Structures are given as C-alpha cells and as structure tokens.
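What follows is subunit A paired twice: with subunit B in the first complex and subunit C in the second.
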Partner chain A sequence: MSMSLVNSNSYLESLLRGQPRLPPSPLAWFNQLRANAVDHAGRLKLPTTRDEEWRFTDLSPLVRQSFQPALAAPALQAADVERFSLAEAAIRLVFVDGKYMPQLSTPAERLGNRGLIVTNLSSAITANAEAIEPHLGQYARFEDNLFAALNTAFLHDGALVMVPRGAAIDTPVHVLLIATQPEVASHPRCLFIAEAGSEITILEDYVSLNDAIYVTNAVTEIAVGDNAQISHIRVQRDSTEAFHIGNCAVSLGHAGRYRSVSVALGARISRYDLNTVLDAEGAECAIDGLALINGRQLADTHSSIDHAKPNCTSRQLHKCIADGSAHAVFNGKIMVRPGAQNTDSAQSSRNLLLNAKARIDTKPQLEIFADDVKCAHGATVGQLDSEELFYLKSRGLSGAAARNLLTYAFGAEIIDRIPIASLKYRLERTVLEQTKKTEP
Partner chain B sequence: MIHQDSKTILEVSGLRAAVEGVEILKGVDLIVKSGEVHAIMGTNGSGKSTFAKVLAGHSAYQVTGGSVLFEGQNLFDLEPEERARAGVFLAFQYPIEIPGVSNSHFLRLAYNTLQSQRGKDELDPLEFEDFVREKMKLLEMNPNFLDRGVNEGFSGGEKKRNEMLQMALLEPRLAILDETDSGLDIDALRIVTNGVNKLANKDNAIILVTHYQRMLNYIEPDYVHVMRGGRIVKTGGKELALDLETRGYDWVGVERRVPASA
Partner chain C sequence: MSAVLQNLVNQPYKHGFVTEIESDIAPKGLNEDIIRLISTKKNEPAWLLDFRLKAYQQWLKMEEPKWPNVKYRQIDFQAISYYAAPKPKKKLNSMDEVDPELLRTFEKLGVPMHERAALAGVAVDVIFDSVSVATTYKQKLAEVGIIFCSISEAVHAYPELVKQYLGTVVPVGDNYYAALNSAVFTDGTFCFIPKGVKCPMDLSTYFRINTEESGQFERTLIVAEEGSSVSYLEGCTAPRFDTNQLHAAVVELIALDNADIKYSTVQNWYAGDEKGVGGIYNFVTKRGLAKGANSRISWTQVETGSAITWKYPSCILQGENSVGEFYSVAVTNNYQQADTGTKMIHIGKNTRSTIVSKGISAGHSNNSYRGLVRIAPTASGARNYSQCDSMLIGDQCGAHTFPYIQVRNQNAKVEHEASTSKIGEDQLFYFAQRGIGNEEAVSMIINGFCKDVFQQLPMEFAVEATKLLGFKLEGSVG
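Let's look at the complex of A and B:
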C-alpha cells in the first residue's frame, strides 16, 4: 500500500474525530442515516488523480494540512455580515463555520408566510420528520462518495426550505454560509423541497471573512415536485486559500423545472458536483455555470444530467475563464436512459484562456441509450479575439481595459441569467474587479 | 478648405507595408493639412483599407518602409490606443461585432478615456446618457442602440452610423472614413454626411475613402487621390472624381506610350 493511502486514511480519521460529539436525535432513521455515513466515511478512501473522476484535481494539498471540526463559531454581529446582505432577500439563514446563527437570520416563520418553512434543519426536523425523511440523504448518495459521507456523518445544522403545494414565493431566500476560522472543516447542509405546483428562488452563498485556509464540504439536496420550480443560484466566493468541495443532487417530478446558475470565484481548490435526475416526464432543467479563476486556483465542475424518463428537456451552458496559472476543469455528462424518448438536450462548454500558463480541461460526455432524441453539444477553448481587442484599442481603450471589457462580457453572459438584480449587479462588479486584477 | 498657412497634420512618405509577407503598399505619399478634406478612390484591392489600417496600427500589417508623421510625431512610435488618444480615428469599412459588450458602456469608456487624456472631466453613466443621446439625435439614431452589444446584430448601415457616433464622441484630429457611404440608404447618407460636415472644422482633417461621387456631393473634397497598386498615382481637385465617374480608372496612372512618330 502506498504512503499516500496510509496518510489519507489516518487523515480521514482525524476529519471524523469530533463526530461523536453530535447529540443523538429522537428519530431513529436519522441516527441510522448518520451511522451509515460514519461507516462509509471510514471505509472510503480519499480520491486520487488515478480515479477517472478526479484526474485533474489533486487533493494532496488538502491532506498536507490538518483540519478540525468547528467546535464553536464566533459570535458575529449584524454589522459583520451586512455587506453580504441582499436587498431583495427578506428571508435569510446564516451559518457560520457550519453553525446556524439565529440572531443573524430571518427565517420564514417570522414573516408569517403561511406554510413556507425556511429554518434550521436541526431544530425543525422532529416536527417535520414525515416530510423530510423521504428526501434527506436520498439524493446525495454517499455509498461511493467520501465527501457526501463525511458531510452526512456530521449532519446537524442545515438550511431547510420547504415550499408548500401551490405556493409561489416571490422573495428569494438567501442561505449565507460564512467561513471565519482557519484550519476548520465545516460540513454545510441544505435541503430544498418544492411541493407540487410551487415556485421559489434560493441563493446558496459561500463567503469568507478572511483569507484563511479551511475546508468547506457542502451537500445540497433538492426535490422539485410535480409542476414545481426551483431557481437555485450558487455562489462560491471562498477564501483563495481554502478548499471547497460541494455536492448537489437534484430530483425532478412530473413537469418540474430546475434552473441553476453556479458561479465559482474563490477557493484554492474547488470541486462542485451537480447531479440532476430528470425522473419524471416533462421535467426540465437549465444548468449554467461560470468559473473565473486566477493565480494558482483550481476549479473543477462535474455535472451530470440524467434523462431517466421520456419528454424531458435539458439546457446547459458552462463557461470557464482561467488566468495566471489557474486550472479549470469541466466534465459534463448527459445520460439518456433506455426508453427516454423525445429527449431534448443541449450542452455547451465555452472557455477562455487568458494566460499561456493557465489550463482548461473540458470534457462533454454523452451517453445515449434511446433512439428518438435531440442532443446537441459542443466545446470550445479560446483566447480573446485579436480583432475585437484592436477595435477597442482603436477607440483609445488601453490593452488592459480592452481585455478587461471582453473578459467581463464573456462571464456576464452567465451572470445575466441570475434572477436577483442586486446579486447580479454585485457579481458583475466583482468580475470587473477580478478581471482588472488579473491583467498581466 | 485649403489654407496656405495651415498646419500639417499627416505626412506620409514612401510608405510600404506588407501582410503575411506580401507587400500591399508600395510607396504611398500623402500630405494632409488641417481644415482639409481628402478623398481617396481606386479600384478594389488597390490598398485603400490597408493604408487606413496601417495608420490605425493594426498588427496584421508590417510596415516595411517609409515614414508617417502625425502632427510632427512618428506615428509608428505609438500603440493603436495612443494613436486614438492623439486624435487618429478610423471608421472601419467592416466594423466588427462585439457581442456581450454593451454599446453604451463601450462608448462611455472610450469617451472618458479621451476626456481624461485631454485633461477634461469624465462623465458618469447618467451624464453620459444625456450627452450621447444628443449626439445620436444628430445622426438620427434610435437610443435603443445603446442597450445592445457593440454592433451586435446591427445592419450594415446601422454599423456605419455607430462608427459615426463614435467619431462624434471622440472628436478626432484626423478622421479616416473607409467607405462609410457604402451600405447607407439615401436618407442615411444625407444624415451621416451632414453629421460629418458639422464635425469638420479648420483644426481637423478628414480622409474619405469612397468609390462614389454621391458622397462627395455632400462632403466636398479639397483633393481627390487615386490609389492603384499600393500607391497614389494621381491627385487632383474635386473634378477628378467626376472624371473618374465617367471614364473609370483605366486611364489613370498608366504610362501612356506615345508612339514614336518617325
């Protein structure tokens, strides 16, 4: 057995330390779920670049560092988080290093939205066990996913959003996950359930107060009911020294709609796995992503869209912008199951390399087992267009300003799809700043 | 307007330039003084656009000989953006589209860059909006072109008007209009040339590249040049353009061999 495996196993043990401190739940199934996860986490090995799914993402820098579970979270004041707040989002859940912060949060029950539940999972689970049990741990399977297993082993606080049947919620829900402490491993958890015919927009927002080295290991599960719709915006602006592992699993009911925009700007190494199962006829998903990275950052997005039933539609546009010696990875799998006739799927991966030292690996993967399908996909990796640069410079813009404007425009196509105006505006500023910073 | 004592803006001597190793410009000579309007005509492929793009600093063209002085300064010492800031403006024959870059954002950046270069105040987005709308009225352009990407999906004529809008905003010392008239309908030609005439004054100069007399009916040139095989082979007054219209190019610049008479 190689050294790295020995190391990584003792490393996992150290990550699992502290798990037994979690209070047992009165719910037997819940305790069982966690126990199973502990069991799997103990058995699974840290992936290496020899694993096909992790070819480009070397986790050895993670192993070289030791991380502890967060014992206590610092008591942040409202002023500390003010800069993250969004004008449109009256409903907000705040987690600091994975711990729920009631004093910073505005759960839905306080707004008197009858039936809408937006609250901390650990405090609401007993009262809503019947509604939660069919979903929690059911989509983000951990049998062969170490990080999902670890997260589930630590299952306690989390963002719970349940939209009752037929309710169209017009204010977005803001789930704000703040990292504050160095050398801490946190395991944020989200569960979003939209019952039949309901609609909601949810922002899952990872931020950091400093440039500490920490691990965020997040799991989100999303269940979209029949004819329901969830717009899910995920923004990852972790510290550029941090590690971010995210798993998101989505299940759609009959004619359910899932719209996702994910933006990765932060973290030294980030990995996001988004698995969507179109599990009933007429379901639709639109999955867009942007990774904008620089320096020695690595951002790896793996998505899978599973056309499990006939008459489903999927759309995907993923963009990577890599500067410095950054490395962006996109692996987009589209699976069309036998019998999933009349599938309509289009996937596009567009990539911009801003530096000769940067690298982008993109791999669209189509696996089609039905015959009556419409599937289009394409991938490009390019540089800024020299004619466009010349045009801008011929009007007086500096080379740097011209590059900045074109890079910004490339990324803005994704950001424009975010349905929350103030967030869109803020991200556009961030992208402009970030592209300014990245000029050679 | 020709004045004996006006300053020289552009002095091109023996300019040679190549693209991908093929020499296109083979010794261009041209002097442009302030207040003047020069028309350059000539057959397709004679090098007119190449000349214009060399002046603007396009990197695809290598200068292989000769010199260009712009207001006494070696133009080739300047990067394209420095030329623009010094007052050189090229309205492209084929303006490109830049999808995703908002036209208003681009116009404001360009305008403010030149303003600060000239030691003048920059405008914030709201002030600029008012300012640019006034300029658009002059060109009878619909303000909703501001909200689109730069030239994105614009018709041929709309692109040309957008070029003229940029010229109106940037107020160049030397404007080179490369076939700005082609693609414009009859009304648009009148509007655009009217706009150009309003911008022309005794301190700036205009080079018009065109194939047709109709533009010169609106903007009266002081000189008409004929380019052929990468050189200016004939220069005359505005009547030369009329001559060309009736006689074509065949007779121009071809050395006439007078048969020896015994």
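Let's look at the complex of A and C:
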C-alpha cells in the first residue's frame, strides 16, 4: 500500500511509518476504509491549543517524544495479568500493546453462548463481514479527527463484541488492554454491536505494567440496536507518564439505551472524546464520568450528545477531582437538532479543587434548534465544604480523615453507578488510596 | 393563536426614517490619511493622533474573529466612510437654535429633548451621527464637579484625564473591532465623577446612526473616583436602510476604591427586514475595570435590535472585594443573530460576580450566550453565580450556551446553571381560565421570564424595555 504524506510534520510521519507493514485484507471495503484513513491522517495537522477543541490541552509534550508501532508484544503469563481479572467477567479479551493474546483470553464461543460473538476482529471479520461492514468505521468519523484517522490507518485487529437479537447476556465482557513497552504507540480498536432487543455489559479496561512513556490511541465504536442496551464501563489506569487519546462513538436505534461510566485515573495527558448520537426516537443515554488526577496530570473529557431525533432522553454527570498541580478539562456539548421535539436532557459538571496549584476548565455547552424541549445544565467548581469538615471533626475524625472521606464520597457517586461489584470495590479502594495522599 | 403571535413578532420597525441634513462626509476607505483627516477635522492633539495610528497599525495585523456563532457576508472596510458630521451652521447657545430637522427626528423617536430633560430629570448628551449637538444639564452637574461631555470636547478641555485613562481598559490592540474603533472613533461620551460624589441624576446618551453607509464608532469613557457613584443609560435606535451598517463601539469603565458604576443599555438598532436584508452589525467591546477595593461595576442590557450582535460587557475584578454584575435580556427574531454574554475575570481576593442572562429566540434567529468566568490563582475566596435561561419560540430558531469556566484557585466557588423552556399550552390555558387573553398572557409570561433583569433597570428604562419586548414578541408563542 502506498501512501503520500502532504504533511511535513515529521512527528506524524514517524507515527505512520509502521502502517504499510500491515497485510492487506481480502475484503476490499476494509482496505478502502484503511486507505481513506491513511489519506486523511496524512492531511490532518496535529491539533494545538489554538484549535477550540484542544484549547486547554497542550499536546506538545507528546510531540517531544518519538513513538514506534509495537512490533512484537512480550509473551505474558496468566500470572502477570491475574491481578486485573474480575470474578464476574468470565468472558475476557486481552490485548498487549495492541496485539491480541489468545492464550490469555477467554472468547465467548468457548463458553458455548449461542450466537454471542466475543473475539478478536481479525479472526471474525471474514466470516461476519456482512454484519460488520455497516458499523466499522461508520461512527468514529476521521475526516477531521487526526487520532481517529491514525487509529483507522492502523486498523487490522481489535476487540469485537456482537450480541445477537434478543439475547440478554448477564456475564460482563472484559476487554483488557495492557501496555508494557516504552516508546510504543498502540492503536487499540473496539467494535461493540448489540442487535435489536439484546442486552450486555462491557468493560473496556486500560492498564499498564510499569511507568513507561507510551501512547495509546484508542477508538471504540458502539452500535445499539432497536430496544437494545449496552452498559459500557471504561477505566483508564495508564501509567502516569503515558499519553492516552480515546475516541468513542455511539449510535442508538429506536428506544435503544446506552449507559456509560468512564473513569480516568492514569496518564500524564489523557483525552477522551465520547460522541453519542441519539439517532432514533425514544433512545436514551446516561453518561457519567470521573477524573481523579494528581501531580502534573491532565485529564480532558469532551463529550457530545446529539439529539438527532425527537423523544430522546439524555443524562450526564461528570466529576473531576484535581489535586497537586493537575489540570482537569471538561467540555460537554448537547445538541438538539431541528425537529427533535420532546427532548429531555440534563447535564451536570461538578468539580473539586484540592490544591492551590490545581486547575479546572469546564464548559457545558447547549445548542438547541427545537422549541419543545427540556434542557438544563449546571456546573460547579469548589472545594470541600468547611461545614461538612467541621461536622466530621466534631464526630472525632481527624482533619485528614475528614477530608479523605469527603473527597472519597464525592468520587464514589460515579463509581457507585458501575454495575460490576468487584470492579466497583477495586476502584473504590483506588480512590481511597489516592485521596489519602492528599495533603491538607 | 399563532397568527396573533406572528403579527406581534412582525411589527414593522417604528423608527425607520432618514433625516435630511447636509453631512460633511469623508471619502470612503480607510488609510492613514483618513485617520489624519479625522484627527485634523477634530483638531486633536498629537498624542491622540499617535494613539489612532498605533491602533491602525495593530488593526492591519489582525484578523476578523471567526469564533462567534454568527454568519454574515465579509465586511468591506474600504467601502465605509469613516467620518460624517452635520455641517455646523453656527454656534449654538440654546435648544431653540438646534437644527429643527434634527429636533423633529427626536420627536419622531419620542424623545422631545427639553421635555425629556425637564420631565425625567435626565441630562441627555445627544450624539447625532458623530458630533455632539447639544448638551443639557451640564451646569447642574458641573456644580458637584461631574464632567459629562462629548469625548472630543473632553480631549480639549481635560486632556490629562482623557490621556490618563483612554485605552487602559480596552487596549488599542485588544481585538479587531476595538482596534478599528481606536483608530477611527469620531465621538462619544466622557464622564468623570470626582471623589466622594454621588451623581444626582441618571446620565443618558441617545445614540443615532443617520448617514447611510457611515459606520459609527463611538467611544465612551467613564471614570468613577474613590467613593463616587453613577448610573449611566445608553439607548439606541437607528433608521431603516437596506445596506448593512457597521457599528463598532468601545466602552471603558474605571471604578476606583469604593466606587460604583451602573451601566444600562437598551439597544434597538434596525434589525433588518423579515427576510434578513439590512440591519446593523453591532460589534461592541465593553469592559469595566473594578480597580479599587470594594468597587462595583454592573452591566444591564436589553438587546432587541441589530442584524448581528457581538458583545460581551465584561468586568475585570482587580480590587479586593470588588463586585461585578451582568444582567442581560437578548431577543432575536426573523434572521437576527446574537452572540452575547460576559466575561468575569476575578483577580482580587473575595471578589464576587453575578451573571443573569435571558435569551429569547423567535423566527429563524439564533441566540447564543457566550460567557467566561475566570478565577485567577490570586483570587482567593472568589465567588461566582451564573444563570442563563433560554426561551425558544417556534421550531426554526436556535438557542446556544457556551459558558467557559476556568478556575485556578481552590478557595473559589463557581456555580453555573442553564435551562431552556418554551411557553407551555398549560400556562396559556391557566391564564385563559382567569380571563386573560393569549396576547396578554404571553406578554406577562415573557416579562416574568425577564423580571430578574428588568428590575435592575432604572425606572424609565424598565418601562421602555417592557414596551420594546411587547413590540417584538408579545403573542409570538402558540
């Protein structure tokens, strides 16, 4: 495959260098999709703080590093990943530096769930091309999104979850993405499809084995069919030196339901774009997020909820806790298209600053083109309430314990919404540990 | 019912007529020579010419802002005449000597000057196109030491004061339109309240754009010294034209220790016809500097006119315990576009700000609230409360909210709330039950929606604003 780079940006060139090694697929549309993405990745420029969408997130530290595509992934043993496993999630896909690890994974067919497909994309794409083609690359548009374009340019494998019509899967699916090597750029890809009337819970879990500097550029596409439901939990626990760019695009069918909880704890700079399109009447989404950061971390969440059709409902609660000299950014856009009457939308951005050097930039944004709608948003930025602290102290708690407890409670409101008990417990421990580090 | 609403929304612009007065018009176009010409015509000192030229040089290097949520055809800045003054017939000693044509214009607008002055006790500094023609109540104000005059007069009479403050809040290169204004402003208002003086009356200026295709570039500078207070009213109406007119004003407010400035605007420039042809482009930079401790700056605006409004009256809260307020009602109809809001920059300790913004959109219009609340690391104990509500009338219009909140101090507390609503059938039904017709009901609901803002307006303005909304919207809901 040939590619031309109009962009003189040597950084992008270096990122794209590994791409031609990818073997061409027997599917023409797949090759075409990838070629289009290569074309766009070559044409797009790395965003700077002069771009409105990247105003508060300066990517220059990313450019100062050079990254190579992962050529080989280390052969991890089951014991190495044991600590990430969850008791409830019997179905598991493991990717190491973007490479699928069959020996660590438990795909769905082995469990004998009739019709449910949970496996890696490249092994299932030929057999299921007809079901995959209308979705893959259709929601995560890369025409003006460099990172989505890069990810698609490198597309050859990824996690695939397909829930057949009417199936309610009560076992959560665990997609575990492990980073192990320094100076590696990985481009994980996930595609989750829930056919009409089906239900599933999926955990997308980014972890690291060390403190290496690497970049993860993930893209997830989610198609929720008519009257189907996907619960999507996304946990980002990358190394605090790493860069994490995530794009997630969701499309909902008639009366489809999408529930999402995303938790960002790691990465030096992380950015998560979640675009949900309520593309048929009666669709609902509930999108919750928590960023808990410290030191010199930056966590940026951009969400867009697009009410494209009437009678849809959306709810969003996003919380940031910034300690040290961390910087949390939230941009939540709610769009109500012309004719999308009876839209019911509520959004709330709540932020807690724990240190004088920490910084919060939030922008809840409403764009409304229909008149019979109920839209509200709110944003608050503040510190721990002195009266609440006083109350706890009057009950005999030390100052530190009181602060710790209140901070924990602030974050726990989001974590409580995670439907997997062992993960919830584990994250609550993490939050408690992290808030303990808080200096008065 | 919607027909009634339609009628109300589509009331023709009542103030569209042209006064025929011989104008002294500069050739179209903008270059250094034109700036020198303006400066010479106005007999200005050298420092002011330098100020203008510096601004012009900056302007040449700048680009028109693209970020506002408005669409319009590129403005040809070379097709505008930058200076138009009614030819002076002779020196005026009393109101009787004012051009009768001019007086008739004000009469049509419903502002009989002497009456207005006498009845309302308001000193009106009339700006007709660019040169101030008559100023009333000056003596009365002079008694307490207040300076209230046109800015060109102030440049000659109080050069030190003007030089000290001009361009300190809005620097010449602040933004594209502010730079343009700094280069070519022809007239405006200067107001100085000395130490400890409470201004005995509301000060008011009536602005009027008259000559076709002459952009108007006013400059307003208000300085309130320690412990003083003033309430300033600005009202606008413009005659009907089909070519778009540019209006790029700059307003600077400076409040020293314990001073209090209240600035109220009712803006009703020509908004274009129902097809969106014509109308004023209103690109205004308004900013107040709460410089001293315990100072207070309050903006109240009712924006109903202009084809495009691009305006963010802002407060820089520098002094400790200083207070900034912004109360706004913005109404758009037909093809009007408004991108308006405020900036509250908290720098000093324990600074407080309040934002209340009400947007009403009807027809095919777009109404955006764009606000910034920034808490600097130095602003410990800062507090902000923002509320922006939108009301949509009809399904062809848009309402947008872009609140930026940037906090760099952990002791600050910032709250923002926004909601969107429409006038519900059930509300109208309730009124109907009580024997109140739709038209009146809608008017009452809208006035209720805007109440928080209207009660901030001085008495006469509140009456005018209520009437204005009545014209524009009463009954436009169905």
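Simple rule for what comes next: the second predicted complex is superposed on the first by the 431 of 440 C-alpha atoms of A that agree within 3 Å, B and C clash if a C-alpha of one lies under 4 Å from a C-alpha of the other, contacts with A are read in each partner's own complex, and residues count from 1 in each chain.
Criterion: a residue touches a chain if its C-beta (ideal position, glycine included) is under 8 Å from a C-beta of that chain, and two chains touch if they have at least 3 such contacts.
A quick note: this is a predicted structure, and the numbers were derived from the prediction, not measured.
Asker: Can A:355 be said to touch subunit B (first), subunit C (second), both, or neither?
Answerer: In the superposition, A:355 contacts subunit C only.
Asker: Classify the contacts of A:79 with the two partner chains as first (subunit B alone), second (subunit C alone), both, or neither.
Answerer: Touch status of A:79: no partner.
Asker: Who does A:363 touch here: subunit B (first), subunit C (second), both, or neither?
Answerer: A:363 sits against subunit C, while subunit B stays out of touch.
Asker: With the two complexes superposed on chain A, say which partner A:379 touches: subunit B (first), subunit C (second), both, or neither.
Answerer: A:379: touches subunit C, not subunit B.
Asker: On the A-aligned overlay, A:392 touches which partner chain: subunit B = first, subunit C = second, or both, or neither?
Answerer: first
Asker: So, A:406: does it touch subunit B (first), subunit C (second), both, or neither?
Answerer: first
Asker: Specify the partner with more touching residues on subunit A, choosing between subunit B and subunit C.
Answerer: Touching more of subunit A: C.
Asker: Applying the touch criterion given at the start, work out whether A:28 contacts subunit B, subunit C, both or neither, answering first, second, both or neither.
Answerer: In the superposed model, A:28 contacts neither subunit B nor subunit C.
Asker: Between subunit B (first) and subunit C (second), which, if any, makes contact with A:371: first, second, both or neither?
Answerer: The second partner, subunit C, only.
Asker: Enumerate the contact residues on subunit A facing subunit B in the complex.
Answerer: Going by the criterion above, the answer is residues 386-388, 390-399, 401-402, 405-406, 408-410, 412-413.
Asker: Residue numbers of subunit C touching subunit A in their complex, please.
Answerer: 67, 375, 377, 390, 392-422
Asker: Mind listing the subunit A positions that touch subunit C in their complex?
Answerer: Residues in contact with subunit C: 52, 338-339, 341, 351, 353-383.
Asker: Spell out the part of subunit B that touches subunit A in their complex, as residue ranges.
Answerer: 56-59, 79-81, 83-85, 89-90, 92, 95-96, 98-101, 105-106, 109-110, 113-114, 117, 149-150, 166, 170
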